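In the two complexes below, chain A is the common chain; its partner is chain B in one and chain C in the other.
This part shows the complex of A and B:
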């Protein structure tokens, strides 16, 4: 106890001594991550980022704890119980990647009523007392067409690869692409397939539709499908159009090779798994007294021709490009929203 | 195992786990804490009672999880917007359960297959009702599930009520005795002039009724629904019945034990989470707790038999 008090005192001193540092009243705050699923590379990267940023923040004395919990089964009822356990464990903030946008609302309300700050991200919750860090998927679709318009001022035919049918994310990105096409009338979508965000499915689907298509100048995608599309188009003996990528390592590797071979240029965008760390800092900022609106939007991670090499190098094989957010990033996101 | 002691082991396992949780997390030892620990166990307890009704007549229900999800979707949509229609749908669902019971008996179908098939029907209906998660809990059920009775938290009151009512229904009433007899020896019941088809339909209707209660309570806690909200309940409910002293060979059940079994399972999850056990190990650990309790039960029942034999020989 004594040592803990001393450490806290020391941390407070350091915090006060550092000019421009946030007010030191978050040192005793404990933040928990409630995660519903850890079975794919994106979630694994998310947990790693949380661990890295969280343990650094703890050792820097910014917060007292940043513990991650994952439910053993991807079920809303289990996650609701997990959140209620966190209330009992006395956490001051709970950061949630939710199994369901609505089925956790009761537990989230319990947490809010107990004075706990709840921040949801990626899988957000609709309970009004919680903060939401959402991804603007629609904008992600729109920006793809906007980029193509900047590259190909004459317009032309586009192929669209969609995600998993019936999933909200697929609808949103698709709506954004439609909007982009209506804003840039020189483009026309001549074909659309479902690639299910997987490169093998996309390759098969694109290979199937290609013979029926006229010349295409660009491929708009949803991530995880760019590499398969490139393979299918190459196998058909066609010129590879501008394929918008989705930050997967295999996509970026193919892009780098094509660039080295014949100066291929494109854009890659997706959500960084590190968005969990943004939620962490947002919770910390709320403790710090910042005025934070309930709905925030995550900037998505863009990889351009200039940043390709460094991003590819930093991304482990089979993984997704990632970025860990800092306290300053959180402040920027909050001030943008205000 | 003797009927009187059937209840002892579940009570002891629950007490042991509860003590461990209180030791790990003293904050749980309060009105507020107990409610948080157990409120999500209320719908599980109801689903377990529903499963018990089916296991009582020597069948097993693999659709209870999707059925509860379906009820949750009805509750969050129809029961909220047009209560009359909502109640009608839920009554129809209970009737469907009764019909299934009769069908299974008359056509001599294996219940495990019929209910597995029905699980896709209920799941499909739930997705049709709520293609994306949402809906709103009716105000009355929300206030019922968040009520704060004096001294004892809602979750505990609800569990005692569920255990008491189902105990009275199954263990004390004459209909209950008949229903248990169907599971024990259906032929004997039929020969004494009772309609087994009607009795089975009755048991299934009771299961449907408790399944409906489970879904409604679940929505009262979560405030809205999701077509996949209660998929876990199928296995949890079977485990709860067994943990509570019930057996797969019909007729041998304990309603109070089943409620305690459901509470024990819910508590096991919290216990492992308070232990900060890695999620990779949690499912395994939950299974280990289950096997441990069952192993202890086997040990008891063996010893019991030995004593009896010794008494007879001596």
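This part shows the complex of A and C:
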């Protein structure tokens, strides 16, 4: 071994021993987005945010590429093949919104073994070599009941609208709602339907169960279903209870109109589709040499009576309330977690 | 009592559509039993409204399935989404554009049906593959045209689709009207005979002078047009077109055909059964939801009930 190699080795050791210093150059790094689904307004907003933030980062010379790829069938097998292609194409990092928390682990491990940084968000993967940017969905469910308890101290009957049966997010939010109800014993869930996070499916499911329900004081939801519930309840000729909304523009518009008409009050919460851009910056920060814990938590986006007007104003018609994250936000999330 | 009437009554269970209606009545009874009869009117009105959407797409699917093995239209959800997206974008909430908007939706249906048929005929692709791959095209067009943004329907159209006429929901009236027209076409016109002949034996039909390719083209186009029409009304009913709005209707369109007593092997179909199946699909879910059963149990029960009805309807001694 010659002197030069020894020096290089020593330099490498120093670099390893001194983590947390943003020293590396990321300009030649290529980042890919592996996305499992694009068929709703939330995912479209997510892709748009990625495109906006990614292309800006490329033109600013921060990274070399930020390409987005979406599978057509929302299948784990298809997405695994997509990840394998990305490995072959030589991407330096893969940011994933996964079709399944476990089914992609094999492909993710292959990517890690090839030296690729893997960051998952929203639909996270459990493979230990990947990073996870998770939303505390359980807390999201719990806070809905907590809010209802603050509004309705006497409690009462609740209708729960769940998401897509068998999906991890649905189970988590549901668990949070159950926890909330057990903490606030004056509430009782008298009916539960699956709205598949879609307004028309929710409208149909709620219309079907309403005739058999006693009076309800609140509706707990998962996002993308509040407007449909309101329509169904209105059509049945019932008084509209407190429906927790999910940040969709049509829900917020309905809420604002109801507020102007008779002072309707509620709460709206969901994940911002821009969480994909946070994952992008986290990948960039890992290249940059930052020490990033494997599990990061991102707060969900909450719209209250006070912030309704400004959020509604900032949200394009028919879209979802959104926040795009910056490099500084990613640094803050990372330093909070450390 | 009139003897022929008694005979007719005992004959009923042998009608292929009987079981779907009987099961619907049972599901309705079981749901209202829970509330001691309260809410019966509300449930009936909701069932009639939502069943109309399933019935209209189901009728289109029925004509396609009647063409025989391998014929099924998998592009229904994407066609609904594309038609609704383009029509609502075109109308942009303007009352004056309601009818031209309907025209846009129907044109999308004509285009999609024609394209499906061209793939099947010119490229000789099996219908399942042709309509499935075409549906990716339609869905992508819908995404590209509006990026998933929900546009509100014109107020007057929203009021019409959610409104009712002498207590009967408007959508039910439209669904019934289309069902009656379909019945006349299927049972009383030469075209209906051709469709059945095509499904029973395509070669024999061709040899006996049935213009088989015309029959197939018209059938696929009508399925797409009915899907577009449903998309147009459903989007107006639920407050806007969404990219995932048609997703449910693929399974439903096929299920109502099968539950309604039409032969899945083609050649023999049944219009009243489509409405029976559509009502049942809504009432089963409502009943199981009302009894508070979890999603797993609900799906198992739905599947079991469908199998039971199909078995009962295809039982021995079936009346023609």
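Note that in this section the second predicted complex is superposed on the first by the 297 of 338 C-alpha atoms of A that agree within 3 Å, B and C clash if a C-alpha of one lies under 4 Å from a C-alpha of the other, contacts with A are read in each partner's own complex, and residues count from 1 in each chain.
Going forward, a residue touches a chain if its C-beta (ideal position, glycine included) is under 8 Å from a C-beta of that chain, and two chains touch if they have at least 3 such contacts.
Note that the structure is predicted; figures quoted are calculated from it, not measured.
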item	value
Touched partner set for A:85, first chain B, second chain C, both or neither	first
Touching partner for A:204 - first (chain B), second (chain C), both, neither	second
Partner chain in contact with A:191 - chain B first, chain C second, else both or neither	second
Partner chain in contact with A:43 - chain B first, chain C second, else both or neither	second
Partner chain(s) touched by A:104 [first = chain B, second = chain C, both, neither]	first
Partner contacting more residues of chain A (chain B vs chain C)	C
Contacts of A:227 with chain B and chain C, given as first, second, both or neither	second
First, second, both or neither for A:72, with chain B first and chain C second	both
Doubly contacted residues of chain A, that is, touched by chain B and again by chain C	38, 72, 166
Of chain B, residues touching chain A in the complex	25, 27-28, 32-33, 36-37, 39-40, 43, 131-135, 145, 218, 220-226, 228-233, 266, 269-270, 273-274, 276, 279-280, 282-283, 286
Residues on chain A engaged by chain B in the complex (per definition of touch)	38, 67, 69-73, 75-78, 80-82, 84-85, 87-90, 100-107, 109-110, 114, 126-127, 166, 168
Residue ranges of chain C in contact with chain A within the complex	31-32, 34-35, 38-40, 42-43, 46-47, 49-50, 136, 139, 143, 146-152, 162, 234, 237-240, 242-245, 247-248, 282-283, 285-286, 289-290, 292, 295-296, 299
Complex interface listing, chain A residues touching chain C	38-41, 43-45, 48, 72, 162, 165-166, 191-194, 196, 198-201, 203-205, 207-213, 227-228, 231-232, 235-237, 248-250, 316-319
